[in-house]
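Shared chain: chain A. Partners: chain B in the first complex, chain C in the second.
Up next, the complex of A and B:
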């Protein structure tokens, strides 16, 4: 399953890049994120609670940054285990392009879900994944704009 | 194995306080979605608060064109209610075609709308009828209630008490059911209300139930299946899955809308 999106962010590219590497910002932007801990410069562990209708699953996973080219972008790759619910893994290529005072963020993501959660929710996984991805980048844009405004 | 505590609430206020006291509580009505999910270990609430026996949440009344349905009223009760069949047969017919007999005799209208499964039928009816959802705390219009895929305006321990709407001049629901689950691949509820024509679509939109503004505009002043023919329904924003892709669903929405209008 593949998803993509584009967001215009009202902040200079350097600030957007810094935020993309700021674990505290990422933590508040990831929908359902309960814990995000830095393990090394490029690796984090995450605990994410996913609630879709009656389903409630908690995923424990590892998130890593790859192909880092400041300030143009990176790839973010994650994999999580949700116990009996199954597993989720995926990655996104995030690109930043300067647009005057603004920054255009584009992403292309791939995600894979397996186990019980995939069997039960196959008709909805794609919409849900797309919605979560959109929520993340919208949260990210809003958090960044709020930070720039208050600075 | 995991433990779940079962509580049977006898009033709305008792249900609210049981939910407030629970660590990770879940309201149980007919259990037609929640129990299979728990059996699959995809949900493990610490407490279940059963609201199905609460008197003020059961039954159907029609007073001066205002229909009120208790949240714990089963689909079978809605389908078989004579007063409702007279006031708004479209809703009774919709209930008669939800799932299978087991689902209809246990599943409830409140459970269905609280879950807001994008393929459930009731959300389309409530949205098209401009219904009001009454909870223990407030009244919410259907337009504000259905937020998105499985999302509603409800707070975690808020209990739906009843649903009410004004009997429409015309109302009909047409759905193309998945032959196995009978969930709507696309379902359209069309209603001619005092606020004009209202059309809501279930099963097809990738962010859950939604109103179709172009169809409503076309039907205002020209309530006929022909009015639907001139409306274009795009594949953008449609669900796409193994049962049908976005373009197929877009076409189904148009066909079902025509049938719903013609069926009134």
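Up next, the complex of A and C:
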């Protein structure tokens, strides 16, 4: 399953890039995120609670950053185990482009699920995943704009 | 006799089901019972790197967490396929290892890696979630054609390119020559969609190890408890046969899926010994979708040739059969000896060649499902006949009639020797019942309402009464397929019949009693049918392949012959008459032409008191028979389906469905009609609604009734069911079998009707509204272009 989106953020590219690498901002923006810890410069562990259709699960996962090219973007790759609910894995390419005072963020993501989530929630996965991705980037934009405004 | 052969006796077994007193495996509660939950792979193909059960073991109520290393360490054997099929190059089939609990690798989503035993089912399931398995995911392949390609993921080391066998039947050169000289040929690519069996009662098992006697008892949802015991003993080394009792109590439907021995029964038996507890497991519905053997899943290319008079000159078929991740018990026989041997259909065809490649994929194992190979054969043949008729511009009914086998016995070029039938009579009966003569008027009338009306035919033949032991042995079967019966006349004259057949919805307790009632002139309430328990019944091969009538009842007849002979001797002795003058009727033993008689119970009493029986005769009145059939039986028929398609939505409504079947002798027409109704419902389900869907990563997307569509009452018409029978010469009752016919004959009739309605022959099952609508659009686009 593939998803993509584009957001215009009312902040300069350097600040957007910094926020994309700020674990505290990411933590509040990821829907259902309960824990997010930096393990190394390019690796984080996460605990995320999600509900897809009839399946509720708490995923424990590892997220890695790759192809880091400040401030133009990075790739993010993750894999999570949801116990009996199954597993999810995927990745996203995030790109930033300067647009005057603003920054345009685009992403292209791929995701794959397995186990009970696939068996019971397959019809809902694409819409749920697209919704979650959208929610994350909207949260991210709002958090960033709020931070810029308060600064 | 009102309850004898041909009577519509109400089902004796229904009382207990209707008052909620059926006794299914899950109803059985043993003392000290614990519950099992399985840890199943969420990956379709992965290496099992480690299993950490420490958290689960520490949880409340958990008795044990056991895995594949322990199981194989205790000497429990791998699950086997019991029918050896040899490739055309002479090599044996490549059977990959299947451990009841995976050790090193998992090969489909749902493959069991561990069993958790706990005091309650909730505790077992919670703990199963806490077992941490570290998987290394591997590339996945789910389609048989893709699995055969170079570079496809390798599922079993000993099956290069995932090929299990490459088998053929018939003469290829002669068939090629015949097709090359044909005046007309028709070629088609045909897919037979993968189905989930969906028995109403999910699989279940409760295993009890008795330490005092080193003895095991297994209650399980089986169609063949003796076969289960045989395999569990001889191959899986659970316990020797005399230390293992297998009971299949009330079983709520099987459709083939409960023939096989699955990992769960093996694991429960072993776990019972390990924990010294009774271990119960009951599948939930998603588990059933994930682990019950699926059916069908063929990809076929076929070519048929006709001479200038429209007589068939040759048929060539190439099939890839998806057997899933492991070879189930009869998986090799289904796409070979139960499929390609029926490709002659009802027709006289001199040259047939069929090649079958059986293939491993990362999907649940595939095995026999109601019809087992014969629906696939019938679908190929009847789609080809209808399509050829359209291409040649001749009547589909006349084309079939011109090619019918008319003389019996008839030896086909693909093993089977048809023994009886009157295919034209069935076709006549069906066409009359369907009012075929008036069809074009109905089509015109439907068109005035904006509906596309179509009609489709299917002239199926199948092979039942499975099967002559020596014949199937020569073809690779690991067992004989006879049946046994014991007829016990009690001292008070009531009768118990112990049969090796198993009833899981077929109504044996009624029909089997009817043949006894007929023979001795007794009411069926005096007759009890006993089945499904290896401690009670001598032995038996179980119920599948529509064999319980033709084989199971024949065994009862043979045992009754022996009872009758002894009864006549006792009657002649007591009544002081010649044995030749003794007749048995209306529940009495009589001397012909006199008023001298003994009532039936008096004969029973005489046999057991033994005060006055012929000198040298053993007391008692109990006889056993093992009956081995001399041939398969060949039920056949003509099905006609009429549909109306809404061109705006692609929705198909079946407006008429006519069946004319030749089942030979019919014991209970009500039960036979019920079997036909159920079979047609499953066939229509396959044609319109049902389909197993795996995504490319091997995830089962149709794993609940939200996504797997079962036929419902309002999807189905009121059937018009008829019989036109010829007696089967191969067994004493003249029976052919009726359990699978409906599912075998109906799918091609439905698809032939829809394609006739929409004017586009390119349509696959299930013909969902989306597919039908797209086919209508494609047909009109093509028309516009022309």
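One rule holds in what follows: the second predicted complex is superposed on the first by the 148 of 151 C-alpha atoms of A that agree within 3 Å, B and C clash if a C-alpha of one lies under 4 Å from a C-alpha of the other, contacts with A are read in each partner's own complex, and residues count from 1 in each chain.
Just so we're on the same page, a residue touches a chain if its C-beta (ideal position, glycine included) is under 8 Å from a C-beta of that chain, and two chains touch if they have at least 3 such contacts.
Because the structure is predicted, anything quoted here is derived from the model rather than measured.
Undergrad: Tell me which partner A:70 touches in the superposition: chain B (first), chain C (second), both or neither.
TA: The answer is neither, since A:70 touches no partner chain.
Undergrad: Is A:56 contacted by the first partner chain B, the second partner chain C, both or neither?
TA: A:56: touches chain B, not chain C.
Undergrad: What's your read, chain B or chain C touching more residues of chain A?
TA: B
Undergrad: Have a look at where A:118 lands relative to chain B and chain C in the superposition and call it first, second, both or neither.
TA: A:118 sits against chain C, while chain B stays out of touch.
Undergrad: Taking the superposition as given, does A:127 touch the first partner, chain B, the second, chain C, both, or neither?
TA: Touch status of A:127: first partner only.
Undergrad: Just checking: does A:84 make contact with chain B only, chain C only, both, or neither of them? Give me first, second, both or neither.
TA: The answer is both, since A:84 touches chain B and chain C.
Undergrad: Taking the stated contact definition, name every residue in chain A that is touched by chain B in one complex and by chain C in the other, in rising order.
TA: Correct list for chain A: 83-84, 116, 120, 122-123.
Undergrad: Across the complex, what residues on chain B touch chain A?
TA: Per the stated touch rule, the residues are 26, 33-34, 37, 40-44, 115-119, 148-150, 206-207, 239-243.
Undergrad: Along chain A, where are the residues that touch chain B in the complex?
TA: Listed in rising order, the residues of chain A that touch chain B are 52-57, 83-85, 116-117, 120, 122-124, 126-128, 130-131.
Undergrad: Can you name the residues of chain A that touch chain C in the complex?
TA: Those residues of chain A that touch chain C are 83-84, 86-87, 112-116, 118-120, 122-123.
Undergrad: Show which residues of chain C lie in contact with chain A when the two form their complex.
TA: 42-44, 109, 125, 128-130, 286, 289-290, 695, 697, 699-701, 703-704, 706-707
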